[in-house]
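A short worksheet on the structure shown next.
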Amino acid sequence: MNKNSTIVQLNELNKNTMMEVMGVEYLEAGEGYLKARMPVNDATKQPNGILHGGANLALAETVAGLGSAIMVDLNTYAVRGAQVSANHVGTVSSGWVYAEGNLIHKGINTHVWNIDIKNEEGKLLSTCRLTNFIILKKALD
Amino acid sequence: MNKNSTIVQLNELNKNTMMEVMGVEYLEAGEGYLKARMPVNDATKQPNGILHGGANLALAETVAGLGSAIMVDLNTYAVRGAQVSANHVGTVSSGWVYAEGNLIHKGINTHVWNIDIKNEEGKLLSTCRLTNFIILKKALD
Amino acid sequence: MNKNSTIVQLNELNKNTMMEVMGVEYLEAGEGYLKARMPVNDATKQPNGILHGGANLALAETVAGLGSAIMVDLNTYAVRGAQVSANHVGTVSSGWVYAEGNLIHKGINTHVWNIDIKNEEGKLLSTCRLTNFIILKKALD
Amino acid sequence: MNKNSTIVQLNELNKNTMMEVMGVEYLEAGEGYLKARMPVNDATKQPNGILHGGANLALAETVAGLGSAIMVDLNTYAVRGAQVSANHVGTVSSGWVYAEGNLIHKGINTHVWNIDIKNEEGKLLSTCRLTNFIILKKALD
């Protein structure tokens, strides 16, 4: 996984993970940018039939995490989600949701992402800010 | 579902939802308090083998959402997660995680929850603040 | 104070408030938009000589609060800052900082703002998300 | 300034800073703990006569910043506020507010604080989470 990974390769990473269960698919990736989608179905809904806010949060954290991972040398560094803040401003009960992540700050040891999640008509559902730590692996233990 | 719902009844709500896929189990519920657990497995992990931070966020939003739902008359009101902020401070790669939600503010139209998620040894992994809106259903549309 | 208030009228509101002490000046105002600036000086610095992060937060809350206030009928409604999340990504030790607030969600009872604060060269220092509650005054007591 | 600094010495740090203008006074300090108070007056109010939410945020950032500063060797490290999330749950229009900061996570490069701000009767007004980066000074430039 690196800047030159194809979308097919990125999607293969999801095997046997939470992303696979949630049906997350990556659509586009670039330096400081990642786009993904997720279906609204039993695996992402809450009991009242609408998309679980937690599904949106997990999608946002996925987008930011992978977005940072393809920017660093994973042999040397680990990416760790450190802080998340999100506003939920809309609901959806069917179809797909689309998440676009944009890097808004690239520090020495941190990446800050904005992730907007919209429904199929482009209406904003959740908007998230996510801080990843970029940590030297040898500092981890 | 109300203040007198049993834990068995609360867990039955999870059928065919994201919580079922994630393996969330409710353990204790009371006025302004909810405890749940979630397994660390393929359905909640990220590709590097550690618990997905998004799984913790989804668990936190679940705990706060159900915690508020059992406090209000759901025939009249809807509970909507509105804002989430979380710090991830630890990682885990096996076993169960335990989430305890405590209501820290009960306003006219809002509930603010703190949710701490710990590993089996009680080490803090994520600490979340979640604001729910309590909305008159007839105001929704 | 309303949509047609002039910038001069808005700045007069600051007399005998925290904004006056901090030297906040409003520059532009519109529906869902407000721009202000604040000097970096003894009244906004921390002991190490750089702008206090709290000054940026106070500026952000000011911009979002006034931005919402000019959008509602203040005889009927009160605006209350409810939740704030911010990332500090840069420091500054002299000159002015500029804050631009844009409304990113207008709900029935809530306004969500994004406020970016930059130095004189346009470098991002802090980016904030702020949720205001728009509350019927007669519900307040 | 270090773990053995007296309260008198800590308060002297505020000269010619934002804290002095806001009237912040430190009351108690310890490892991972700091208590301070701030008056509700013209320098901390908004135009409608209630305490500015931004004053509470600035107080919270002050408490966490100083709380971290007395825990590290400032000749080697710098403390930088990186992320703040806060819920405002009450208002006040006179007297003093009291802030208690408790360190809830001490990482290698980060400190996460909880800061609760209450009125004189102990009613919660704002509750904040603040992440400080602890940065090697030689890495700053």
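In order of appearance the chains are A, B, C and D, and numbering begins at 1 in each one.
By definition in this document, contacts are C-beta pairs under 8 Å (C-beta built on N, C-alpha and C of every residue); 3 or more make two chains touch, one makes a residue touch a chain.
Treat the numbers as computed from the prediction; the structure is a model and nothing was measured.
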Fewest touching-chain hops separating chain B from chain D: 1
Looking at A-C, C-D or A-B, which pair matches B-D on over half of its contact pairs by residue number? A-C
Centroid distance [mean C-alpha coordinates] between chain D and chain C, Å: 20
From the C-alpha centre of chain A to that of chain C, how far is it in Å? 30
Measuring from the mean C-alpha position of chain B to the mean C-alpha position of chain C, what distance in angstrom results? 32
Where chain B touches two or more other chains, by residue: 82-83, 85, 87, 131
For the complex, give me every residue of chain B touching chain A. 13-14, 16-22, 42-48, 52-55, 57-62, 65, 78, 80-88, 91
So in the complex, the part of chain D that touches chain B is made up of which residues? 85, 87, 89, 104-105, 107, 112, 124, 127, 129, 131
Along chain D, where are the residues that touch chain A in the complex? 82-83, 85, 108-110, 131, 133, 139
